[in-house]
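In the two assemblies presented below, chain A is common to both, partnered first by chain B and then by chain C.
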Partner chain A sequence: MSSGVMVDPDVQTSFQKLSEGRKEYRYIIFKIEDNKVIVESAVTQDQLELTGDDYDDSSKAAFEKFAADIKSRTNGLTDCRYAVFDFKFTCSRVGAGTSKMDKIIFLQICPDGASIKKKMVYASSAAAIKASLGTGKILQFQVSDEPEMSHKEFLNKLGEKYGDH
Partner chain B sequence: MSEFSQTALFPSLPRTARGTAVVLGNTPAGEKVLYCNGTSVYTCPVNNLTNTEIYTEHSHQTTVAKYSPSGYYCASGDIHGNVRIWDTTQTTHILKTTIPVFSGPVKDIAWDSESKRIAAVGEGRERFGHVFLFDTGTSNGNLTGQARAMNSVDFKPSRPFRIVSGSDDNTVAIFEGPPFKFKSTFGDHTKFVHSVRFNPDGSLFASTGGDGTIILYNGADGTKVGVFEDDSLKGVAHSGSVYGLTWSPCGSKLATASADKTVKIWNVSTLKVEKTVTIGSKIEDQQLGIIWTKQALVSISATGFVNLINPELGSVDEVRYGHNKAITALATSSDGKTLYSADAEGHITAWETATGKSNRIIPEIHATMITGIKSTSNGNLFTVSWDDHLKVVPAGGSGVDSSKVVSNKLSSQPLGLAVSADGDVAVAACYKHVAIYAQGKLTEVPIGYNSSCVALSSDKQLVAVGGQDSKVHVYKLSGPSLSEVKTISHAAEITSVAFSNNGAILVATDQSRKVIPYIVAKNFELAHTHSWTFHTAKVACVSWSPDNNRLATGSLDNSVIIWNMSKPSDHPIIIKGAHAMSSVNSVLWLNATTIVSAGQDSNIKFWNVPL
Partner chain C sequence: MSGAVYGGDEVSGLVFDAGSQSFRVGFAGEEYPKGDIPSYIAVQEPLPDEVIEKDEAMEEGDTSKVQTKREKNFFIGTTKIIVPRARTTMENFMKEGLIEDWDLFEKIVEHSYENILYSNPAEHPVLFSESAWNDRARREKLTELMFEKFQVPAYYLSKNVVLSCFAQGRTHGLMVDSGASQTSVVPVFDGYAITHAVVKCPLGGDVIADQLEHMLEQQKVDLVPTYKIAGKEEVNEGDPPKWTAKKNLPEVTPSYDKFMKKMILEDMAASMLQLCDTNIDMEYVDKLPSTPYSFPNGFTEEFGAERIKLPECLFDLSYLKADMKREGLMTVAQMAATSANLADIDIRPTLFSNVTVTGGNSLILGFTERLNYALATKCPPTIKLRVFAAPTQAERKYGAWIGGSILGSLGTFQQMWISKAEYDEIGKTIVDKKCP
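Presenting the complex of A and B:
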């Protein structure tokens, strides 16, 4: 908001479809266009065409499709995006054994390869989109290069937070 | 018969800050308006000047208070995000619940028409709004969707329920429920949205904000119905920010309050202005809040003044003056008909003691805190202020004429003022000297200590100066010179001194809670041997009754105590919590059985203390 970028009402309504009720969407990618944060693509579970169970592979297959989608939309990580991803995984906790977890992660993707202006705009507008999504229910991560976008990386971070470490 | 009773109250004005909207509440019948100042909530009747009720249970600065449509409860918010819901039917105002909604100031509160749900919005760190059930505090939805602080919220008064809100991100949001869920935002405003309000039947709502436009929407889905336009302005409704918006009880009109110093009344069917009420031309005349109850249309000026507007004629029927900063000094005219109160920002208000009608003394005499004010028998007014001036305001018109002030520069800060009844001699206790003003001449006598207060005997012979050195210094006054005749030691800094009206007794109060009377004729020996230490904190002020038999003292402990000189061993009359949550800065006897007190809370209270 300090950048003057507004948040489109669709951002909040599609996020509701990811976080509440039947959880229609699996991930959503947002971009800034004409001084406005808009929904670039919202992908349902069915559109991912996955065969295995998400909890078994800790969303590995789904996440790889998501990462590939980001990569193609940012033209090989030379542009910035915001994204939310519904991360389903299993982790083991002391006393509770293995449990199925379901966490929404918010990614602020500002690759090193993007133009400085883009990175500035996305960084200064992040507060606005996070405020309108409601920061209470999401985990926030910043991504600046491809290795940071890997499934293993996020699984470790989530495991650190919720697992028995 | 009780020892004392409160007979009248001249209430504080609402707290105002430039560029910040004042949100007003009202009772369902519309006979009272609610506003906030300090840690209090004021329930102020629109047709009575002396009968305001004050709710003082908040521990932080209050921001907004709203009555439930049922009339049984009131919800009030503070700057730390607490919403207190309290009973309105009993004077004890039993607390129903306190709900911490977020960690920041609550800017607006709305009840639903069933008096079951409350929506509170503001500037929290984690969220900007919360909707909950009033009796249990359980959440009834989710008001996220706007990216910056939410300023205003309203419930659709009819089913299907909706909540609308206005935010600093320039948008108006609509939520559907219950449970309430984000539906959409509308970005028609180009600046902050300050106010959103539904009409009485819920078919329409309007929003307004910093861009000076007023937009009308369909109440159910938020489709834009129209934009209010003033033909004299291009495409906008006001030439300044609009801070408040209110619907008429019938729903056919809308009134708005703006920083362009006007209140405008609009016709909802034609979207055109019907009446423009110009309040003034100065910055202080900006209008920061407005409410249209079933009985009155009330707007608030940047000074805090309460304007009662006649919507039919488009004129201001009545203005209520007063203070919204601490009252530091009181004085009455010699006939007791006029009361002067002075505050920490240099404003002086003249009140009709019988009716509570008020007037601000304009042009203003001082720019900063007034530490002493006295009225003389010929109607002149003497004042001293932290702007280091002793000023004499001559009588004129129906009161005093502040355009012809005699101004005397003091060389150090004045802390107290004493004036003879006829106004011949005035003595100001300043930080480093005592200033004597007689026959239009000012003489400054240096002192070797720091003074805090001063008294002058009625025969103009003796001056008593209270010092921060814990001593009362008594001087003989001859012409413009002083000779010290007696020094009386106390255990702590002297806070106030006063000679009885006949000059027989000198009373001094101090920071160690003591009130000590001395006999002047017997070389200032103690008038009695009892310890008058019933205050629980610093005594701030003292005043003699006209019959010289009783004393009233006010203290930091919120109470006023009435002492009886002829029965020094009796338990005094203690008015506990005379000014709840606030220091009592000034007390004054109006007549043998009436005292007036004023405090940090900007209220003036009248107490009857029968003989």
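Presenting the complex of A and C:
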């Protein structure tokens, strides 16, 4: 069952710029406006103005900027958004030592503080945007409060999935 | 506020959500249902003499629903069904979350259109909710009924668990729905109910009411339903009540008496029951402050330890009263764990991290916390367990209806409805295609 909300073609083209080739974008935030999922903001690696290496801190600095951006756009987590983030991290694996990983995470951000109407619209339209991005390339997460939006939480989940602990 | 953005083209659909306790009806786009009609209908057997029947109906000032000529009378709605009547039994159109009695169901839908929504069925699209284990025959029958009998212009059928899940802003989750007749657990993933992993048990609000009744019997408390009481005087707590019985009562049926008693028991359950956060601990139980409850006949009694021991049966079957059948029953936590383990192993962590509690019976104080505790011992230690519940009582009780209301009001949802034209072309099997 889905809401019938359409996905703007820009969503797919922007996502390709994040997932393929030169990987221009680091993260993209999407929102629903006028019955369509549109790109709200697409941020490149340079715009983040980071000095350290992403693999050294497992994207901690980049993710914190991203989380702060989400927080301000959702007015302190009282609105919903979708977002994709290119998560670069290192983890240890049996037989492979430490390896550098690159995974794209898809976040469905429906905070508990958002209105029930917004939550319903975003949840029922999630299938449309995920189909447009291609579910094979992304790891899905749903976020409902601030602790779930922390860097540590995602690093743990990714570590569980790809690491050996 | 956001209505202007998403509901640009108002279609004014109707939303129907049927439960074993009540039938929720209302307009899509509204915050709460317009009507919450009891699923019990009072059915009066005809009297051989027509004239008397007519008089009786006039007295009650209810001319709309009364049919003469030795047909059964049907009374629908809280204020109508509580009136004591002779030869009248209370019948429920739902059984185990499914529509069982289609004639009664039709009556209740008619009643909703005429007396609650005041609207013409042919003018509004209708969104129905169904339980996850609804079968194909019933789905098609409902579709046929709505198009053929009520002539609706468009129709949609949606799983109630998916609606409540979406209303929480989630597309995945383990939906624990503790209702009146039963408790069910349904995993939802990517917006679809995983029907093969549904676990349900007849352990819900009705069992709690039974337990309460049993307790009152043991304590020799006489449970007098409101319809028998003409007047009462104030007495001190614990003193025998002083009340006068109503005269000229018609000879009511046992099912009516039981229904009226159950109403008091439900009120008692809602006002004083509470669950322990952990496995029941006698020390804690003894310290629990007692709460007075005033019965309709004026009798007031303090209840202490019982408040916490009674609902304990939801999580520990040994607290069920002695004569209750325990075979095939599972505690709420066992049901949740079993259901999650029936689902695919890859999605289990997601399910355990998004356990969502809905249903009227879950409103017992401490239900969510207790489920979290009991489930923690049953899920793998590496998994992060989280149990959620909607913040307000109304959202928890009407979660599925509210979800349907928002969905039905979306302008973009119009393309999802099954239209009359599509139904005419393909027939009732279209529901299997368009409403998975």
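As a convention for this text, the second predicted complex is superposed on the first by the 164 of 165 C-alpha atoms of A that agree within 3 Å, B and C clash if a C-alpha of one lies under 4 Å from a C-alpha of the other, contacts with A are read in each partner's own complex, and residues count from 1 in each chain.
To be clear about the criterion, a contact is a pair of C-beta atoms (placed from the backbone, for glycine too) under 8 Å apart; a residue touches a chain by one contact, two chains touch by 3 or more.
Bear in mind that the values here come from a model prediction, so they are computed numbers and not experimental data.
After superposition on chain A, the partners chain B and chain C are seen to fit next to each other with no clash.
One geometric descriptor of the composite model is the angle centred on chain A: between the Cα centres of chain B and chain C it reads 70 degrees, in steps of 10. In the superposed three-chain model, the partner touching more residues of chain A is C, compared with the other of chain B and chain C.
Using the contact criterion defined above for the overlaid structures, shared-chain residue A:6 touches chain B and also reaches chain C. Judged by the touch definition given at the top, the superposed model places A:118 against chain C, while chain B stays out of reach. When the two structures are aligned on the shared chain, A:16 is found in touch with chain B, with no touch to chain C. Look at A:129: by the touch rule set out above, it reaches chain B but stays clear of chain C.
Applying the stated contact rule after C-alpha superposition, one finds that A:35 touches chain C and leaves chain B untouched. Shared-chain residue A:94: touches no atom of chain B or chain C. For the pair chain B and chain C, the minimum alpha-carbon spacing after aligning on chain A is 7 Å. Annotation: chain A residues 1, 6, 127 touch chain B in one complex and chain C in the other. Residues 1-3, 5-6, 8, 158-159, 162, 165-172, 190-191, 354, 382, 388, 391, 395, 402-403, 406-407, 410-416, 435-436 of chain C are the ones that touch chain A when the two sit in their complex.
Listing the residues of chain A that touch chain B in their complex gives 1, 6-7, 9, 12-13, 16, 20, 127-129, 131-136.
Across the complex, chain C is touched by residues 1-6, 32-35, 80, 108, 110-112, 114-124, 126-127, 130, 142, 144, 160 of chain A.
By the touch rule above, chain B contacts chain A in their complex via residues 126-128, 142, 144-148, 169-171, 173, 181-185, 187.
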